[in-house]
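The following pair of complexes shares a single chain, chain A, combined with chain B in the former and chain C in the latter.
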Partner chain A sequence: MEKNNEIVMSVQGLSKVFKSGILNPEYTVAAKDISFDIEKGKIISLIGESGSGKTTVGKLILKLIKLSEGEIIYKGKNISEIEDKEETKEYYRRVQGIFQDPFATFNPLYRVDRVFDMIFDSFELGFEDKDQAIRDALYDVNLNPDRTLGKFPHQLSGGQLQRLLIARALLMDVDVLIADELISMLDASTRIGVLNLLVESCKKHGMAVIFITHDLNLGYYISDKSLIMYKGRLVERGDTKKIYENATHPYTQMLFEAVPEIGERWDPDEEFLPEQVVKDVKEFYQENEGKGFVEIEEDHSVLFSDK
Partner chain B sequence: MFKDFWSKHENIYYALTNKKVIFGLTIVALVFMLAAFGPMLTPYEYGEYAGEGYLPPSGDHFFGTTIDGRDVFTRTVYGLRSTLLVGAIAGTVATLVGCIIGFLAGYYGGSIFDELLMMLTNIFVVIPQLALLIVIAAFLEVRGVIIMAFIVSLTAWPWTARAVRSQTLSLKNQEYVSLSRISALSVGRILREDIASNMFSYVFMVFIQQFNGTMLATVQLEFLGLGPTKGISLGLVMQNAVNWNGIQLGMWWWAIIPGLILTILITALYFVNTGLDAAFNPRLREM
Partner chain C sequence: MSENILEVKNLKAYYDILKGQVKAVDDITFTLKKGEILGLAGESGCGKSTLASTFISRKKPLKYISGEVDLVGHQIMEMSEKEFKKLRLRTISLIPQYALDAFSPTKKIKTYIADLARQHGVKTDKKFFDKVKERLDLVNLDESVLNRYSIELSGGMKQRVIMVISTILDPEFLIADEITSALDVSSQRFVATMLANLRDLEIIGSAMFITHDLSILYQIADRIMIMYAGNFAEIGPTDEIVENPRHPYTRALIDSLPKVGIQYKDKRLSGIEGTPPHLLNIGEGCRFRHRCPYSIEKCEETPPREKVAEGHFVSCWRWKELGSDLSGKK
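Here is the complex of A and B:
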């Protein structure tokens, strides 16, 4: 693999703590000390269980929530310093996201066309014919424009809404795309098609994609780099192949054991205890106390202890 | 040109073609017309002795006369005017106060400001409404229609504030607001298109319900004898009927007719309410 790839965005020491309540504040650490680089045209998958802070990282990059510590550098500029209207616009012109829940992403009072109207209103996308561009993008994601445009969100299925959002992202031709649980709503037959379309777009336009997912198979299929998150910490980072071949952190190992395989049926005698992982991770941290985040081989780092 | 107007304001189109809305609005319009033009149809004043007492409805006295010979129709239409006025004023005040407090609390959700506003609201929620109204009304020696409206709206706003707050809280965290933000929409446009428009139909319906609720609360107070000390209202007509044993004496027209008009009006407003719900919410539209 080539080194010295062009880095479009760099995330350094990112932390986010949520505070709730005033008289007795309760603090929730959603993400702690997360660092990684996003390279041009590369696909990164961010893998972790529900509540591990994956979506929070995505939202931080999209500037939807304020970060508590650390910085995100995009084109040499700290994004939390972007406050000016024009600059924000410029940022969103190049950094976009697709959210987890397609039903919630559409304002129920408006027809679905609004998501396209908004980007054409805000940005200079450089298409001669707006309608034709939208139709082409819809055909690309396997949707029939005549049967989707002009509909209300509740009249379409989750998969169709999801693909409308993908079409929207493709129209924008961005540098960084945050795709949160992108294909969870798509049926098996269109899944591969849409994935390939995205990969193709990455390679052609140099778009970097962060796939936020809990699906290891998908991560392996698509990504160049993987980030494994557990309880708000980045526990393993590096080249996808290296992580998959040499999973070191106990949580990552557990993830691999938990993947169901075709041709293998569920075994009632096999015990699977989620609590076991918590214990394993604790022991692992104790054994390696003081080591911290270490690069164990080229382009593969593991968190050995949480202090 | 008309086509343009309808395609821009399709909500209005759906509202005006909804059967429930048409039905409800027609009845509401009739009741309002009765209040507006009724006094012109009668030669009497509402306090005046119009003739013989104890008369059932007839061509001379549309709704009959009271035991001491006052015209029930005259009393009802004048009473309807003041009851509608109270409903409109109290409904508007309660909706406005509730919306302002609720929106501010929701917008600054989680802050100390929110906490204080909600503390105030909760205090008002737990005070028993009728008891407070009786106490306040009993202390005021002279009570006009407007004063009545303010007394009633004092206890009517809290649930609106709570509902509007939670609505604002949930709306501002919707993912479509996030999508609008990453589409670089201006704050004004997000507030207008994503938050206000999702709330508008709700606020409109809150107003109708407040109108209903405050009108009923006023009639309740009047029925208990705590109504305006001057003037006439539907509740007063009914209270008189009960005080004079109108029902026991078989004078059904005295108490039933004013009560029936009120019931019909409130039912019609509920029809408008549910119909508008369907018109404003595309998910409930029949398509």
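Here is the complex of A and C:
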């Protein structure tokens, strides 16, 4: 069934160091030595606490910032070597992002239709009937075109705007979609609809999605693969079920202990301190010094030491 | 007034704007017992924060319309602002939604705390700061944070500082509005547990914990109240609400929550189609009726609040007939 998975993008040894300040420059290692493959039509969750480097990885893939080290190979080609104008344009068409705050993506002064006009103006999308294509894409994401087109952003809800952006990605026949904290501002009842839609679109159109979140339950629900990031490092990577059943890195384990779940109460006698994980990770790395990033079972790897 | 610290009866508060009235708190009735943590949940925009503001500030355009609120014997809707101010921090205290964003990056934490205390007429002498340090220790923060700037602290640490100041005068009633929403899961657990600890230590009397995240409420709330589009939908003991919800909206909300162990591939969760109604000049009728799979003609009238069991109330015409097994369609 799922053999011969086609790899659309391969991220290899990705690092990003931000430099801030001119006189006394400070360096922030936002991402270090990140490697993973993105398969056609698959959903990958990228999970980690705030500041762990998730957005940075997303922006590197979107070619919004320059990488410090490593390579991103898209359809056999190193994206840093894409310089040709047409090729760059093609890349920006096929690799897209949807961000946390959908309102920020829309210009409040224009009707929402503009996001569609813009892509039809910029790209050769190959539809015979542009208006029909837009309507079809809107139906695909459960939006009624007559109640959506012609509206201003503030007249639609956050969930509707996000669905509109998914529709746009579908029209553009995107290969890789980066969804950064996509549904965090939606309500439980609305967000599950957007999620289902994302999975359906992705299976139907062969679009791969990197789903950035800090909600483990949501990550588990929709993704085939998971990446856990902690302080700029990829600490656990692999098949979602395997990671969830056999979480091995102390940071991943802590996440599972902390996640609130209906039907299972936190142990009131256990003293839970967010600070504790820093010590636990340090000890774990010391105990396993020299081991590095190891595959502990098929399609499940763990960072045992950072040196 | 028995052991209730708060009794809210038919409370209405609307935003009075040019186009009319946004009916964000419309006929809300509930009580809060001493020592109880009441969770308040509901969709974004359903009026949770407005309910909190109705108790505390009522800044324009929010206007109190009718109803009663009895807080440990004080009829707070009838009090003047000056009188009410004396209750702030001592009897009632609010941690507002987005309080985290209110930290000024140029102020030291110490200054921030002192300014806030003074605003509420609290003396910021050595005794005060000794107590602050004691409480910081309780939330596992070193007193050295006092000399740091807010940008040096993580969101979770800032939220702990906020909890310390909001409860420094041991309020009888604390309203915590989305105190976990912007935090990482580890800090969420710490901060939520802290709220329960403060109650156990009797530093706070009772609390209303507002969040859109039911799974956090499940962890620490004694009872849960669900609001929908400015109306009361259901209130009941936490386990009852989760296991035997009577309101179709409560059921839908619980069913849409993903849990570890459920993958899209194996089981598709369902959400609720559509969006909540606009509250501007909204008229009669159950406000959930356009999305409710069970709605009938009767639902064009506003359903009354009825008792299901001790401490469990619901507003739905069909709660009895539907039972708690709301899986079948109409």
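What to note about this one:
Keep this in mind: the second predicted complex is superposed on the first by the 290 of 307 C-alpha atoms of A that agree within 3 Å, B and C clash if a C-alpha of one lies under 4 Å from a C-alpha of the other, contacts with A are read in each partner's own complex, and residues count from 1 in each chain.
Here, contacts are C-beta pairs under 8 Å (C-beta built on N, C-alpha and C of every residue); 3 or more make two chains touch, one makes a residue touch a chain.
No experiment lies behind these values; they were computed from the predicted model shown.
Overlaying the two complexes via chain A leaves chain B and chain C side by side, clear of any clash. Measured by the number of chain A residues touched, the leading partner among chain B and chain C is C.
Residue contacts after overlaying the shared chain place A:217 against chain C, while chain B stays out of touching range. Of the two partner chains placed around the shared chain by superposition, chain B is the only one that A:152 touches, whereas chain C remains out of contact.
Contacts of A:89 after superposition on the shared chain: chain B is touched, whereas chain C is not.
By the document's definition of touching, of the two partners only chain C reaches A:241; chain B does not. When both complexes are overlaid on chain A, the residue A:254 reaches chain C alone and has no touch with chain B. Using the contact criterion defined above for the overlaid structures, shared-chain residue A:99 touches chain B, although it does not reach chain C.
Following the chain A superposition, chain B and chain C show a smallest Cα-Cα distance of 11 angstrom. On chain A, the surface touched by chain B in one complex and the surface touched by chain C in the other have no residue in common. Listed in rising order, the residues of chain B touching chain A in the complex are 110-112, 115, 174-176, 178-186, 193-194, 197-198, 280-283, 287.
Note for the complex: chain A touches chain C at residues 49-50, 142, 157-160, 185-193, 195-196, 199, 214-218, 220-222, 240-241, 244, 254-263, 265-266, 268, 272-275, 277. Against chain B, the residues of chain A that register as touching in their complex are 20, 22, 59, 62, 64, 85, 88-89, 92-93, 96-97, 99-101, 104-110, 115, 118-119, 121-123, 152, 154-155.
Put simply, chain C touches chain A in their complex at residues 43-44, 140, 155-156, 184-190, 192-193, 196, 212-216, 218-219, 242, 252-254, 256-264, 268-273, 275.
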